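Below: the structure, in C-alpha cells.
Each chain carries a letter (A, B, C and D) given by its place in the written order, and its residues are counted from 1.
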Amino acid sequence: MSRNNIQGKVEDENSMAIDNNVKLTVPALPEFVDLVRLTLFGLATKLKFSFEEIEDMKVAVSEACNNAVLHAYEGADGHIEVEFAWAEEDELRITVRDQGVNDSSPELTRKSTLHGKSIEEIQSGGLGLYLMQALMDHVEMNIENGTAVTLIKRRSAAERV
Amino acid sequence: MSRNNIQGKVEDENSMAIDNNVKLTVPALPEFVDLVRLTLFGLATKLKFSFEEIEDMKVAVSEACNNAVLHAYEGADGHIEVEFAWAEEDELRITVRDQGVNDSSPELTRKSTLHGKSIEEIQSGGLGLYLMQALMDHVEMNIENGTAVTLIKRRSAAERV
Amino acid sequence: MKTDKLSFRTENKEGLTVIHLSGELDLEVASQMRTAMEPLVELTDRKLVLNMRDLKYIDSTGIGILIGIVKARHSRQAPFAVEDVSDHIRKLFDMTGISRFLASAH
Amino acid sequence: MKTDKLSFRTENKEGLTVIHLSGELDLEVASQMRTAMEPLVELTDRKLVLNMRDLKYIDSTGIGILIGIVKARHSRQAPFAVEDVSDHIRKLFDMTGISRFLASAH
C-alpha cells in the first residue's frame, strides 16, 4: 500500500510515481478569478511556500486568468481550468487553460515595461505576461485548442522544512 | 452576446440556458478536505448564502469527502471531484464524486443517531450520512463506477437580495 | 503539542484539567487528537473538560472522538464535560444526540 | 461607494483629496474603480492622493488604471501620488516601472 502525501510523491514497487495535483475549473468571468486565488492560497500554504512567494503566485495566476477572461472567448461563455501539480515538495507547477481563440505568438520574448519610457509614451495594458515572467521562475505558453499557460514557482531554500 | 452572471443563468435567443458551475478535484487524502471547504466558503459567500448556511454546507460536504477518503479507494491512490452548480441564484447543488468501491446501499433511509440510546449502546461512526441529511435540503447517493453524493442547499428567503 | 490546524492548551485547576482546543478538528488531525487525549482520559481523579471557545470546525470525525472519550470516562467512572460551545457546534451536538452525554462543565 | 470587494473612503484636506482604498483591486472591480476616479481626476486645483494602506491586492488591471490616472493628471498639469504602499505592491510597481510616475505623497 502506498499513499501520496501532500509533501510529495511516494513510489512503491508496483506503481509509477505520480504527481500530486489539484484542479479547479471556473467560468471565464471576472468574478471568479478571486476564487482561483483563494484555492491557490490554501494549497500553497499547505506546501509551506512563504507569504511573499504566495503573493507573487497570486498575481501571476490572476494575470493568466484575466487573459482567459478578456481575450479567449470573445464574449461567449467558457471556462478556465487551473491545474496545480507538484511532484517534489518544493516546486509548484500551475497551468491555466482555456478553450478559446488566441491569435498571439506563443514565443514568450521578454515583454516590455514602462521602464525608460516618458509619460507620453506609457500605455495601459500589456503588462500581464511581463508580470508572470517576473514573478515566477518559469513561464510557458502553449496555443493549441485554446491557450495553456504554465507557471512554475520554486520554494526558496530558507522556507524548506 | 450573452454572458453568464454569477447570480444565475442568462438565456438568449440562440443558446440554451446552461448552469453555472465550478469544479474542484483533489487527491482523496485527509489533508485536502479543508481545501474543499475553503473553495465552498469562497463560492457560497459570492452567492450570498448566510454564515450559518455556509457552516452547514461545510460540514455536509466534508462528510461526503471524508467518506470518499476513508471508504472508496481502500488505501490506493484516487481523487475526489467536487462540482458546485447553480442555475437559480438561491439553490446550490454540490456533487462529491469518487471512482472507488462502494458496497453499501444507495437507498438513503433516515440514518440513526445517538438519540434514545444509553451510554453503553452508543458507538463512534455512522453519523456522516445522517449529518448530510440533517444539514442539507436534499441528499442523493448514486453508486455507479464509484460514488456520487449530491447535496442541495437552498438559500433562506431572508438572505435573498 | 501544536500544528497549524489544531492546537491544545492545558489549564490545570484544583481537581480539574481543562483542555483548550483551537483550530479545526477534522479527519486530518483525528489521530493527533486521539493521541493527545489518551493519557488525559486516564487521569480519573480529576474532572476532564474540553473548552471549545476557539474550535472553529468539527464534524462527525470529531464527534466520534468525543463519543470515545465519553465512553472511556464513563467506564472509568470519571467526569467529563465540554464548555464554551459555539451555536453552530451546539447544533451539531444536538442533531446527533451527543449533547446528553456532554454534561455542562460547571 | 462600497462593495464587499473594494471600498473607497474620501478624506478632504486643504488643497488635497486623499482616497483610501481598501480591499482588492482586480478585474472584477476595475470598472467600478474607473467610475469612482473619473470625477476626482478632474479636480485639478487639488492634489490627488491614493492611500493604499488597506489595499490587499492589485495586479496589472489596477496598474493599468493607475497609468490612466497618471496620464490624465499629467495632461491636466495636476499633481497625483500614492502613499502607504505595502512592500509587495511596491515590488509590483518597481517591476513594471510605474513607480517613477507615482511621486511620493508628501
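The working rule: a contact is a pair of C-beta atoms (placed from the backbone, for glycine too) under 8 Å apart; a residue touches a chain by one contact, two chains touch by 3 or more.
To keep track of the chains, here are their UniProt names: C, D = Anti-sigma factor antagonist.
Everything numeric in this text was worked out from a predicted model, so none of it was measured.
Chemist: Could you work out which chain's C-alpha centre is the most distant one from the centre of chain A?
Modeler: C
Chemist: Between chain B and chain C (Anti-sigma factor antagonist), what distance separates the C-alpha centroids? Give it in angstrom.
Modeler: Taking the mean C-alpha position of each chain, the two centres sit 27 Å apart.
Chemist: Quick one: report the Å distance separating chain A from chain C (Anti-sigma factor antagonist), using the average Cα coordinate of each chain.
Modeler: About 41 Å, centre to centre.
Chemist: Give me the residues of chain B that touch two or more other chains.
Modeler: 31, 34
Chemist: Can you tell me which residues of chain C (Anti-sigma factor antagonist) touch two or more of the remaining chains?
Modeler: none
Chemist: For each chain, which other chains does it touch, given as pairs?
Modeler: Those chain pairs which touch are A-B, A-D, B-C.
Chemist: For chain A, which residues are in contact with chain D (Anti-sigma factor antagonist) within the complex?
Modeler: Residue list for chain A touching chain D (Anti-sigma factor antagonist): 30-31, 33-34, 37, 52, 55, 58-59, 62-63, 66, 69-70, 113-117, 119, 122-125, 127-128, 130-131, 134-135.
Chemist: Which part of chain A faces chain B closely enough to touch in the complex?
Modeler: 1-6, 15, 18, 20-27, 29, 31-32, 34-35, 38-39, 42-43, 46, 75-77
Chemist: Spell out the part of chain D (Anti-sigma factor antagonist) that touches chain A in their complex, as residue ranges.
Modeler: Where chain D (Anti-sigma factor antagonist) meets chain A, its residues are 5, 24, 26-28, 30, 57, 59-61, 63-65, 67-68, 70-71, 74, 88, 92, 95-98, 100-101.
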